[in-house]
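Naming follows writing order (A, B, C and D), and every chain is counted from residue 1.
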Amino acid sequence: MVDLLYFAWVRERIGSGAERLALPDGLASVADLLDWLATLSPGHAAALADRGAIRVAIDEAFVAADAPIGTPREIAIFPPVTGG
Amino acid sequence: MVDLLYFAWVRERIGSGAERLALPDGLASVADLLDWLATLSPGHAAALADRGAIRVAIDEAFVAADAPIGTPREIAIFPPVTGG
Amino acid sequence: MIATATQAEPFDTGAIAAALTAGRHDVGAVVTFTGHVRADDGLTALVLEHYPAMTDRQMAGIAAEAWARWPLLGGTIIHRYGRLLPGEAIVVVAIASAHRGAAFEAAEFLMDWLKTRAPFWKREEHGNASRWVAAKASDDEAASRWEKP
Amino acid sequence: MIATATQAEPFDTGAIAAALTAGRHDVGAVVTFTGHVRADDGLTALVLEHYPAMTDRQMAGIAAEAWARWPLLGGTIIHRYGRLLPGEAIVVVAIASAHRGAAFEAAEFLMDWLKTRAPFWKREEHGNASRWVAAKASDDEAASRWEKP
């Protein structure tokens, strides 16, 4: 089981800030994970429709779309950051 | 008559921070002025010996060695500035 | 070291800067940057959401990077979250060094990195309407100047 | 505009910066630089001599130049003179703008110009000994980057 965290408009579209999921086997990369998540609900699909506007952090570190998933504790999905 | 002002070690070597002088005719440039001033006393000569370390302002504006003297109210002579 | 923190409460930039020089005689330069909420286009509030654990980690990492790159003598970074009104301060970066060049550069570096790497998201409120702020390409460009070859 | 002043008395950087944003909602960035006396090599005091009338004129000119070059919303420059002890603040430059780039650049520009164009001279006291500070080529280089082609 992995904790998925969602922030900003990703959170709003999915309708929840966090969920605990069992990831299916065969997710080789972050891109694969996003493809699978988008099938979970219309909200997930809407949140993840524009992949260019999606950023992912695994265990609190930014990762690229082609990064392997590994066996993380926590995966966060959010828009490009706008702090400062 | 012109007010001459001296600052920092130029002031210390001349032994005074200000003097009012009648400039002789024929001083075409700032360099000519410094040449003449250096003849006034051993202190003036010592203060102005290293021309590369001398800066001049006429009526509160920096001028180059080849600038004309004109008819100023005030001429200031000092080392390179070290504020800030 | 450079201390980092996130908080909902306001901060006092003057006190933060003063603490960096208190009792020491080796600091020659203190640079502070404070970011404030602007009331552009009728903005009535700015709401900052963040990812707390990752923010703490990213800010500590950014601070350590600045400490390694420049000869610094101290620093503080505080980033607020929650609902802020126009005029309120959002973020402060305060840096102490012996000389001004390092203090200026490190402060700019830290702000550029905070803008592009710290997991905060701004939502603008305009009366009853609200919209998420889009990331700016200019911020990515500003941050990219610090990338090592 | 950018206010300029010379004074013997200490100043409060935090209050100076706070005044730049008080009651206004268009300022997004405030940068302050504060220069302090370092006790390098056993320095016991720093004595600043200046040419008051020319200092006022140069500082006003430098401030007007910064105002013309960057989209600024306010600023304050205060330079002290007289005898300062280690740790004391010598100079403050505080700049307000809508965005951080202009505020950082203008503050750096002003410091570089103050170092090379404002008629101040520093004399270091080391106990009973005393020596005038020599101008630094690095300051001239820093200032030259702002020269227009």
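Definition applied: a residue touches a chain if its C-beta (ideal position, glycine included) is under 8 Å from a C-beta of that chain, and two chains touch if they have at least 3 such contacts.
In this text the structure is predicted, and so the values were computed from the model without any measurement.
Apart from chain C, the touch network of the chains falls into the groups A | B, D.
Separating the CA-averaged centres of chain A and chain C is a span of 26 Å.
Averaging C-alpha coordinates per chain places the centre of chain A 48 Å away from that of chain D. Residue positions of chain B with contacts to 2 or more other chains are absent. In chain C, the residues touching two or more other chains are 35, 111. If you sketch which chains touch which, the chains link end to end in a single open path, with no loop closing it.
Every pair of chains in contact is given here: A-C, B-D, C-D. If you check the complex, the residues on chain C that touch chain D are 12-15, 17-18, 21, 23-40, 86-87, 89, 98, 100-101, 103-104, 107-108, 111, 142.
Listing the residues of chain D that touch chain B in their complex gives 35, 48-51, 53-54, 57-58, 79, 90-91, 111, 114-123, 132-136, 139. Contacts from chain A toward chain C in the complex involve residues 5, 7-9, 11, 57, 60-62, 76, 78-84.
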